[in-house]
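In what follows, subunit A forms one complex with subunit B and a second complex with subunit C.
Moving on, here comes the complex of A and B:
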């Protein structure tokens, strides 16, 4: 966007400061005057919601750390003590645990918005890559945080997920021991996870800064996917977007508050209220809901592929499901950004969303169960296949067969045209 | 500058003395960084107290036929199974072609102690503890991802790639076993 500034220091002090550290000028340019497409819909408010969630997680997390003991003998009790005895502890712990879930709700909507409106396409590739990186950091942080209460699910999640590293040929076993600090998950593992769980949110915050920087260079995408052509297409960030985002944040806080106050444990598992026991695995272990689709992919590979055994195969697909996201800007060859103008893409995209939800459902189903009359492993294979086909086949090839609808000449024309119709 | 002939010499395509010093000091610096980084990484490895638990002795006399006990070795659960005669026959008569990770029953136990099956209890898929006397093959069933093991702890079905791992162990006497 335009780099020229409209800022004129109002008094001698701000003039003096502006010559030395132009922080007021910077804030005015990027937090107030930043030109934003005037047709953004509510799907675009999740960026701001995510920032709010990160702040909530950091604040509640720092407080929780004041009451938590990272030792396998005391961790479980310290969390229970926090919930029962510490003033407002019940609410603070619930806000942090539910907050993680709400954080993922927001990030999934944010990612799927980007996938539909082509927000990853040139010139926003770096913005997208940083976003995927943030998603990976979030997954890591959430996983380590889940281990800290040291319940049965915590312990077995730690065992199963660290075992994934053990699948890597040759070095896997040594890296696994390095990661756990022992031959099995134990006290050293809990200690380092606590340390890293405290560190990672600040790394996330730093990458968020880069993400927003990479956003402010090309500017926001918008529902039409058409570039901003003139100042008539934009509104200043403040007050138009700040107020809209704030309104969306307030709406988002309603289900969040409902969970915290009325059902703080509904998103978790009862097994996590049993202290970790390294000799017994709970009968039905499932990850937190936000990892289910990827867990289903991990589990779907129960056959050997040539010289790759089923375990390594599962890990390759599991990691591949996330790694493929980094390449989406180059996999999708359609020059049209927005799915609104792509009649065929819409259907494949809708199927992708349903498929992703289906994977989540399968991830939660018992390994020997049946869903819709099909056994879980087979159904998971079908859904896993579509997940990859969408990225590796449909996105690259679809543009050859698709006649896109005519794009509006500008955002203004699109907005005004709609009003007249 | 141009009137200094010694410098012109150094701009040629052959590496100069100065290039060598740059590369050499850079290389020494890199080695130094690696030396400093190593302890920062190595501290993550299992510490001495963890390694110290590497060997245990266990008395088998209390385990009834058909019973499985789970004991701890190096922080890992270990199954000690007193197999029934039936278990042993079934395991011995399984054709190797039926196996995902072919291993005869004799390779799973110590000769003369066929009734004792001692294995690390973590499923070779992702490390859950399989449930005993369950699954399609009369051995173990892992509830996490649905792997089935037979009465010799060999994987028969599901995502697990290998048979349950055998720890290094020896019989000190008929009823005393040393693991590790």
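Moving on, here comes the complex of A and C:
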């Protein structure tokens, strides 16, 4: 939406620069004038929140790395000493650890917003795919970061999760050894995870640039899902959206600060305050909360499927749960973007959200436990089934049975209608 | 990695730990009560007298076997802690011998900047006790309690961080002379209600009257010299060891959150004013 530029250089220098590197023109078009639908709700502020969280993670992370020692004998103590003896160290460390959780809170809301309002549909498929790629990169980065404090959960999560790769036929074993730098998780693993944990956020930042680029070509989706028809439907990004996003960012910082200052350990596991010990297995290995839905899917496959054993089967479903997201733009056949105008879809979507939260709960439950009177493995299978049925059956087939509500002619008409209702 | 570890890890990954857990369930662990702590909640601070008493229990009882390698002597005189004077800490540190390869003889008296010396090497501990007693630096954070759904959700709003001290208090009061019927207690182990698996290597470390507290006339506070009191005091002290600057952290938290709430309030009005002319 930047075909026509309104920028005219104000002085000879900016004219000179504009002919050589039109960076001021670019900034004006994309950071100030970028036309944004005026009916965006607060679910749309999580993009900006995510950018802020990425910056916070990178800044705190760089400072933490100045004090961290990637060696299995010293890593645990170096994190503790950072908290005890470095000025503001305990705030930085807590902000980084809690920040990872808040980052995932924001990204899940961002993804679920996209799923409800059909933000993945044409012409935003590439935008969506880049988003899923960012999610995968975030998962990888967070997993490696969790290993660095070298507590018991760090070590055993690293062992269990890297084992997943070992289940891949033919190449699994050698890839596993390459990843671990040996036959078991040890010092080489810690070193390479530290190196990659420092690298990946910058790759994330680069993909974020592509993600925003892919956003600025078609422009934002909006709660009605109706395309922008005229300039009456939009507001300039600055000051309208910048101000709204900043307000949302400050609000988001309140629960973030609550955890950092009043409950920095509540989102973690006590076992991670025990230094890693390969000889002692924790009674109950659980990943960080933000991986729990996918962990539940991994555990749900505890049976062999024909010649595929349960271990490989679990890995296929685990990877499939993320890979399926890449295909959502083509799986959903409904021409109507927004869930607001799809009376049946709404219910399946609501169930999908509940189902996803249920998977998270099941991922943390002991395998021999019971939830709502159903044993955990059975319940996990039901929820895993719905997760895939939603994407592979409901999204493609539902449009055939669904009569969508009439769409407003334009964003402005919808907004005015709402105001007079 | 040996095949055995690989299989064990794989079993864990795929939730096949059921039988192990079920076995433990046979002698289920009683629920650990939430105790009332002076440092609990967002307004909580450490009780100086309690930390001093807890330090005494730690020093006279725990520290003959357990190390606390991250605790520095100087921590004990820092604000928010047990409130010892710098002079007291200097004198205390001097009572200990610190291994230092840089000085003649390899040993010197401790100074305030030193960390708490380990009572024995890990190899010696292993030889004497069969296990290495866990280090106490962050033990209060490395233990916890679990609440049933949905009660743990409440913890996020009350900022409950005292599961460790609750567990330590329960553990110290959880010893039994007689073992429940059907439970096979291994040689050299002790039965404890709250220890996972119930068979703990540590003998009951405290009994009523084991530590002689200073009473009010000597500058202390009169408290009963009972196991329950000792275990509360030492649990509080261990929380302090795990988090010596908790009070400063919470104080900063109040400033940060107050600032954010006021800023958000201002932003709300600015945003509303800005958007007032736009139908949206």
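Here is the rule we go by: the second predicted complex is superposed on the first by the 420 of 421 C-alpha atoms of A that agree within 3 Å, B and C clash if a C-alpha of one lies under 4 Å from a C-alpha of the other, contacts with A are read in each partner's own complex, and residues count from 1 in each chain.
We take it that a contact is a pair of C-beta atoms (placed from the backbone, for glycine too) under 8 Å apart; a residue touches a chain by one contact, two chains touch by 3 or more.
Here the structure is a predicted model, which is why all the values come from computation and not from measurement.
Of the two partner chains, neither subunit B nor subunit C is touched by A:404.
By the touch criterion stated above, A:302 is placed in contact with subunit B and with subunit C alike. Contacts of A:160 after superposition on the shared chain: both subunit B and subunit C are touched.
Of the two partner chains placed around the shared chain by superposition, subunit C is the only one that A:38 touches, whereas subunit B remains out of contact.
Contacts of A:181 after superposition on the shared chain: subunit B is touched, whereas subunit C is not.
When the two complexes are overlaid on their common chain A, residue A:281 makes contact with subunit B and with subunit C alike. Here subunit B and subunit C are compared by how many residues of subunit A each touches, and C touches more.
Contacts of A:312 after superposition: subunit B is touched, whereas subunit C is not reached.
Once the two complexes are overlaid on the shared chain, A:192 sits against subunit B while remaining clear of subunit C. Counting contacts by the rule stated earlier, residues 156, 159-160, 163-164, 166, 183-184, 278, 281, 283-285, 299, 301-302, 310-311, 314, 366-368, 377 of subunit A appear in both its interface with subunit B and its interface with subunit C. The part of subunit A that touches subunit B in the complex is made up of residues 156, 159-164, 166, 177-184, 186, 188, 192, 278-285, 299, 301-302, 304, 309-312, 314, 366-368, 377. Those residues of subunit A that touch subunit C in the complex are listed here as 38-39, 77, 80-81, 84, 90-91, 94, 156, 159-160, 163-164, 166, 183-184, 235, 239-240, 243-244, 246-247, 250-251, 253-254, 257-258, 260-266, 270-271, 273-274, 278, 281, 283-285, 298-299, 301-302, 310-311, 314, 361, 366-368, 376-377, 412, 415-416, 419. Contacts from subunit C toward subunit A in the complex involve residues 1, 5-6, 8-10, 12-22, 24, 42, 69-70, 72, 75, 134, 137-139, 141-144, 149, 155-156, 159-161, 163-164, 196, 242, 244-245, 249-250, 252-254, 256-257, 260-261, 263-264, 267-268, 270-271, 274-275, 278-280.
Residue ranges of subunit B in contact with subunit A, taken from their complex: 41, 44-47, 50, 70, 72, 74-77, 121-122, 124-131, 142-146, 158-162.
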